[in-house]
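Paired with chain B in one complex and with chain C in the other, chain A is shared by the two complexes that follow.
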Partner chain A sequence: MPRPGFVLDVDRSTPPMLFWRGENFSLEKLPADRSRVIYGPEPLAGIDDVDGAIREALLNPLDMDPLPALLTPGMKLTICFDDASLSLPKMRRPDTRQRIIEAVLELAAAAGVDDVHLIAALGLHRRMHDYELRHVLGDRIFDAFHPRGLLYQHDAEDHDNLTVIGETDEGEVVEISKRVAESDLVVYANVNQVAMDGGWKSITTGVASYRCLSYHHNPATLQNTRSLMDRHHSALHHSLWRMGEVLREHGPKIFTVETTLNTDTFPSPFDFLAKREWEWNAKDRATFLATQKSLDRIPLKMRRKIMHSIESPYRMTGVHAGFTPTVHERTLDNVYAQHLVDVEGQTDILTMGIPYICPYNPEGIMNPILVMCMGLGYLFNMYRGKPLVREGGVIIMTHPTYRDFHSVHHPSYIDFFEEVLADTTDPAVMSEKWERKYAEDEWYRHLYRTGNAYHGVHPFYAWYWGAHGQQHAGRVIIVGGDAPTVRRLGFTPASTMNDALEIASDVVGRSASITHLHVPSVLVADVK
Partner chain B sequence: MRALQIRRTPVKLGIARLTSAVSPTIAAKVGPLELRRIDDPVRPGTGDGWHQVRTRLSGICGSDLALVEGHASTYFEDWVSFPFVPGHEVAGELDDGSRVVLEPVLGHAARGVAPPFDGAAPGDGDDYAHLATTTVDGLLEPGIQTGFCCSTGGGWAPWFWAHESQLHRVDMPDERAVLVEPFAAGIHAALLALPTIAGVDDPIIAVLGAGTMGLATIAGLSRYVPHARVVVGARYPHQQALAKALGASQVVPDRELRRAVRRAAGCHVVGGQLTSGAHVTIDAVGSNASVVESLAITRPRGRVVLLGMPADVSLDLTGLWHRETELKGAYTYGTETLPDGTRTTTFRLAIDTANHFEAERLLSATYRLDDHVEALAHAATAGRRGAVKIAFDPRTTTGEAS
Partner chain C sequence: MAKTSLRRAQRLAGSAEKAVRAAAAPLRNFGFPYRAPTVPRGVEVPAEVTGLGAHYDTEWARRPLAAFARGVIAEGPIRLATRVLTNPEIVGHDRLSDLSRLDDPPPVIFAPTHHSHFDTGLMIRAIPTVWRRRLVVAAAADYFFDKKWKAVISALSLNAIPIDREVTGRASSDALTALIADGYSLVIYPEGGRSPDGWGQGFKGGAAYLSSKTGAPVVPVFIDGTGAIFGKGMKRPKAGRTTVLFGHAMRAGEDESTRRFNARIEAAVTTLGDEALNDFWTARQRAATGDNPPLTGPEYTGWRRDWALAERRKLGAAGKRRRERRAWPDLG
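Presenting the complex of A and B:
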């Protein structure tokens, strides 16, 4: 029986805590008697018969007819699926998307459906490499569809193949892929790793245009998203759900299949990552030391390669299919069952280790903007109720924050760092002054459409993702980061955790309470 | 008098060239420049108009460093006369106490030759024969400028001869006055952008380098080509701050300039080359790499202005041919025509600009002639030491000649 999440009060006997530092780790001793550590629940048990559970979901969907009843000869069927931003790290093959799509294709074939398109719902993310598509879909699907042009990736700049479905009551234009809009049935194959994903977000971001995305991916919306992991208190999700209503009334029939994963993230020899530090045995300590020292000694490029080659032994904990909002509520129940931890009260200082990966750098580099996005966007938002850190408190992150960018994946990020952040770190100001220029830059458009680059506007979105955290925190400190780069982000550099706590005392005093968000695993703090 | 002097000594030039890559200090020690007691220069002309100028400050320019470190092109061998006292960036004083800045070109008036047109500045004209010819009276040897001529002396000495046509009386601090000459050179380069951007609504001018010349160019652009978007690549933080303060629209680290120009032009990149780019690029560095970079970031049918003295470079000119890029040298100064049709001399504009920007902010350190090794090493590494312009103050020279 997996143990639930847990809040540890740090005393003098508590061992140092594990912090991610990009492609490596460190152990940090937290001050006794004023620190606590939040651990996520242990991984839930996975479903043994995954294919059977998927088939069961397709045949007994929620608030919709069974899938076979929706499939008719001569119909236009489009299957959309989440892109390489999920799962993180990538799961071992076969990916659950492959399993879902194979099951759907089997039913479609039985029903005589032969007009089938597969679309990677990547929104403004980079196009996936062929090997990534093979990883997600399996060789059989890739070889059957890709050579015939029936497996392709959404292009948010292909205006000839975008269409407007309608407008919300608040004037938000819902513009999505024409193929999706004109399909008789759309099946969406989702992997839900955090509560932010899924639901109406899948279609209204994954196969939407920049115009459509800009209604919810903006500073005002994201500053009022409390939090990204709580859709009922998220302005972002409110906008997405309004768009979902438009889709429901005027769009295609959508049959959503959502799956949830447990938090069994790292395979051997990284088992120690899943353990609580005081439960480490001699082997765990030895493995940690060996891993840390080895990673220290090899070049950064190789470190990255090793880390990105990790394939997670995730297990599927649930699968639900049918009407999007109904399915999503069940999905959220499953996600919260894995992630929620009850936490009493806020903290003055929140510490977090920033890992080598976030949704926007699979197979790539965790550049400085993504460090901000991961810290203030994702990890800060891992709460329900109130933020873990009080307003005006301090957030301390650990990451090397090198001034390094993937020139193929993140070309506009480089310019954003050099040009926009040199001018302002204020999301509202940059949105007003710079966003359109980047969004409409023909070169970025070209690289997004034909290469493997994120859309020109994407660094803005990554920055906006952290807008609420940025507004909320009194100071943000990065331990171990390249100092000029950290300053460019508007943060304060510190050499050690002790230095960071000393700097933090300027803001929150010398007896401030400290909470460490233990990553991994993924958790959502239910702050009372 | 005691002065710094350069003699034609090929061995020393060779050694200086070899050692400069390792240590500017050693290059300055072993190079052709020496502080020695020299005969006072003889008045270089029999006619009126020659003045003794007492040096108050005299700057160290990139071309001076190239000479001292043995990197200068052999091109100039017939245009200078050895041995000479360098120093062409000068704030000086005349016998009557008036303060002057030197326009160093030894032009037509100084050599008793008819000017190319009435009111011509010393640098004007399309025949440079007079620069490389000894005057009829035999008193003025060849020399493109004061500071490269054995007859006149130069600024790296307590005093030298200058012709009335070379002198501009000024009322400004010496520290500002010594920067008027480099400002004039920068302004001249800036104004060479005008023909290319005439009629362009939102012209982009890229500037490579933000040492003294680059900064002077930026000052000139912001003053006389204010409608241009000036994108600057500057290596060091203090250069970036000064470039911004002098009016650059955008300043980026030098390695980021190509990306910044691409952003400004909104163009594509093909094989590392921008498909469009800056209308005009002003290369204030003058290295092989900077010329290559300038050609890569200038749009087809654009202009590259070479302000920094490039000497020997090795270039693939296919891109220049394909893009019909115009390569334009920018040497010294003369008579300029501003966009509103006003004709004036570059030095007048430079004096005005130096006053406007309080150019003394670019002067980082002054040295005695005795400390010339240290001064030259400082000038050669100015950027990474957080400096811009280094100058000599010969008034404080003490000690005996070496």
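Presenting the complex of A and C:
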């Protein structure tokens, strides 16, 4: 029976706590009697017969006819799926998307459906490499559809193949892939790793245009998103749901399949990362020391390679199919069952270790903008109710924050760092002054469409993702980061955790309360 | 005096010759009881239990020492020969991941196609590790267990269990059932033997029957390419490429007869065969309409059948030289 999450009050006998530091980790001693640590629930049990559960979901969907009844000979069927930004780290093969799509294709073949397209719903993310597509879809699907050109990746800049479905009451234009719009049935295969994923967000971002995305991926919306993990209080999700309504009325029939994962994230020998520190046995301690010391001594490139090669032994905890909003509510129940931890009250200082990966650097480099996005965008937003840190409080992150960029994946990030951040760190100002230039840059557009680059506007979106956290926090400190780089982000560098706490005392006083988000397993704090 | 000596010598020589002749006389000159008795006409002598064939006791081959020796043989000569001669591409393990990731994976029955003696070595190499350690192979008693030395080698190196192909008896099925109940997985060739002409043969119901009896799921397996490497009738092997394709585990339905379940297994292997030669989607589409090319080949006989086999091999692992074309995005 997995243990639920809990909040540990730190006392003198509490061991140092584990913090991510990019491609490595450290142990930090937190001050006794004023610190607490939030641990997520242990991984829930997975479904043993995954294929059987998927088939059951397809045959008994929520608020829709069974999938076989929707499949007819001569119809246009489009299957969309989440890209490599999910799951993190990538899950061991077979990926749940492969299982869903194979099950759908079995039914489509039985129904005599010939016209089938598979579209990777990238939004403005980078195109996936072939080996990533193989990992997500499996060799069977890749070998059957890719050589025929029936498996491809969404292109948000291919204006000939985009079409406007309609407009919301608030004037938001819903523009999506023409193939999706003209299909008789669209099946969307989701991986819902966190509460933010899925629902109408999948289609309205995954196969949408830049114009469509810009209505909700902007500073005003994201500053009013409280939080990304609580769709009922998220301005971003409200906008997406309005667009979803337009899709429902004027768009194609959409059959959503959502799956949830447990938090069994790290395989051996990294499994100690998910354990509570006082439960580390001799083997765990030896593994930690050996891993930490070895990672310290090898080149950064090799460190990254090792960390990105980790494949998570996630297990599927639930699968639901049918009408998008109904399915998503069930999915949220499953996600919260795995992630929610009750927390009493806010804190003055929130600490968090920033790992080597975020949704925008699979197989890539965690550049400084992504450090901000991960810390203030994702980890800060891991709450429901109130933010973990009080308004005007301090956020302390640990990460090396090197000035290092992946020139293939993140070309526009380089210029964003050198040009935009040198000018301003204010999301509203940069949106007004710089966004259009990057979004319409022909070279970035070319790299996005033909290479493996994120869209030119993507660094702006990554920055806006942290806009709420940036606005909310009185100061952000990065421990162990490259000082000039950290300053460019608008944050304060510190060498050690003690230094950081000392610096924080200028803002929140000397007896400020501290809360550490124990990150290796994903959790959402339900702050009362 | 000299004459007497000569006579004595002649007698001695004669005695020696007589003794040698007597010693060298063929046994046939001696009758019963020096020889086996002749059988009166009209009388049928019951077959003597020789301890060979289907009666060969392989229990010793599952003891720890023999299992260790087999591990060495499997990781050494068998692995090397498989690698050098068959260069296998093993696909479809992901279809078994739900079973293989369990803490205590249940025994399963692997039902592969059979074209060559290399199939068993290939299967031992290709089967996921969780089942490899406790694996027995059903082998023809009349071929692998007819001589003591063959029986010892088969049992030791392959953990082979003799099954009688000629007589329908319960001894073989009881032995296999007991082994499956004891946690051993099984490789059994539903076609009953190697293909005589390169095309597949109809499936016999052994795998389906054992599955229904024990509850162990059947995993259909398609092996492509071994027929061209060392098919029946070939004098020496010719190195090439092979594919081993695993399907989803199958269980008999509640009211499903062994015959119907066997037909379903055969259909699954046929679809895998189509998948190996074409692709997943084409195979599924054809399976839905019952148009997968049959493993048993075309109806016609003679040279056209051989011709069709050559054409088919070009598509499979034996003729695989296709290079993947990179699809550049079309920007109009």
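Keep this in mind: the second predicted complex is superposed on the first by the 528 of 528 C-alpha atoms of A that agree within 3 Å, B and C clash if a C-alpha of one lies under 4 Å from a C-alpha of the other, contacts with A are read in each partner's own complex, and residues count from 1 in each chain.
Convention: a residue touches a chain if its C-beta (ideal position, glycine included) is under 8 Å from a C-beta of that chain, and two chains touch if they have at least 3 such contacts.
Everything quoted here is computed from the prediction, not taken from an experiment.
A.B. asks: Once chain A from each complex is brought into register, does chain C clash with chain B or fit beside it?
C.D. replies: They fit side by side.
A.B. asks: I'd like to know which partner A:50 touches here: chain B for first, chain C for second, both or neither.
C.D. replies: Only chain C; A:50 stays clear of chain B.
A.B. asks: Tell me which partner A:93 touches in the superposition: chain B (first), chain C (second), both or neither.
C.D. replies: second
A.B. asks: Please indicate which partner A:147 is in contact with in the superposed arrangement: first for chain B, second for chain C, both, or neither.
C.D. replies: second
A.B. asks: Mind working out whether A:418 is in touch with chain B, chain C, both or neither, as first, second, both or neither?
C.D. replies: first
A.B. asks: Tell me which partner A:495 touches in the superposition: chain B (first), chain C (second), both or neither.
C.D. replies: neither
A.B. asks: Which partner does A:138 contact after superposing on A: first (chain B), second (chain C), both, neither?
C.D. replies: second
A.B. asks: Looking at A:294, would you say it contacts chain B, chain C, both, or neither? Reply first, second, both or neither.
C.D. replies: A:294 contacts neither chain B nor chain C.
A.B. asks: Mind working out whether A:449 is in touch with chain B, chain C, both or neither, as first, second, both or neither?
C.D. replies: second
A.B. asks: Of chain B and chain C, which one touches more of chain A's residues?
C.D. replies: Of chain B and chain C, the partner in contact with more residues of chain A is C.
A.B. asks: Please work out whether A:106 is in contact with chain B alone, chain C alone, both, or neither, and reply first, second, both or neither.
C.D. replies: second
A.B. asks: Least CA distance chain B-chain C after superposition, rounded to whole Å?
C.D. replies: Here the least C-alpha separation of chain B and chain C stands at 16 Å.
A.B. asks: Let me check the overlay on chain A: which residues of chain A are in contact with chain B and also with chain C?
C.D. replies: No residue sits in both footprints.
A.B. asks: Okay, in this complex, where on chain B does chain A touch?
C.D. replies: Listed in rising order, the residues are 250, 252-253, 256, 259-260, 262-263, 266-269.
A.B. asks: Residue numbers of chain A touching chain C in their complex, please.
C.D. replies: 48-51, 93-94, 98, 102, 105-106, 109-112, 114, 116, 138-141, 143-147, 149, 152, 155, 158, 160, 313, 449-450
A.B. asks: Spell out the part of chain A that touches chain B in their complex, as residue ranges.
C.D. replies: Of all residues in chain A, those touching chain B are 414-415, 418-419, 422, 437, 441-443, 446.
A.B. asks: Going by the contact rule set out above, which residues of chain C touch chain A in the complex?
C.D. replies: Residues in contact with chain A: 91, 94-95, 97-98, 101-102, 248, 275, 279-282, 284-285, 287-289, 324-325, 327-329, 331-332.
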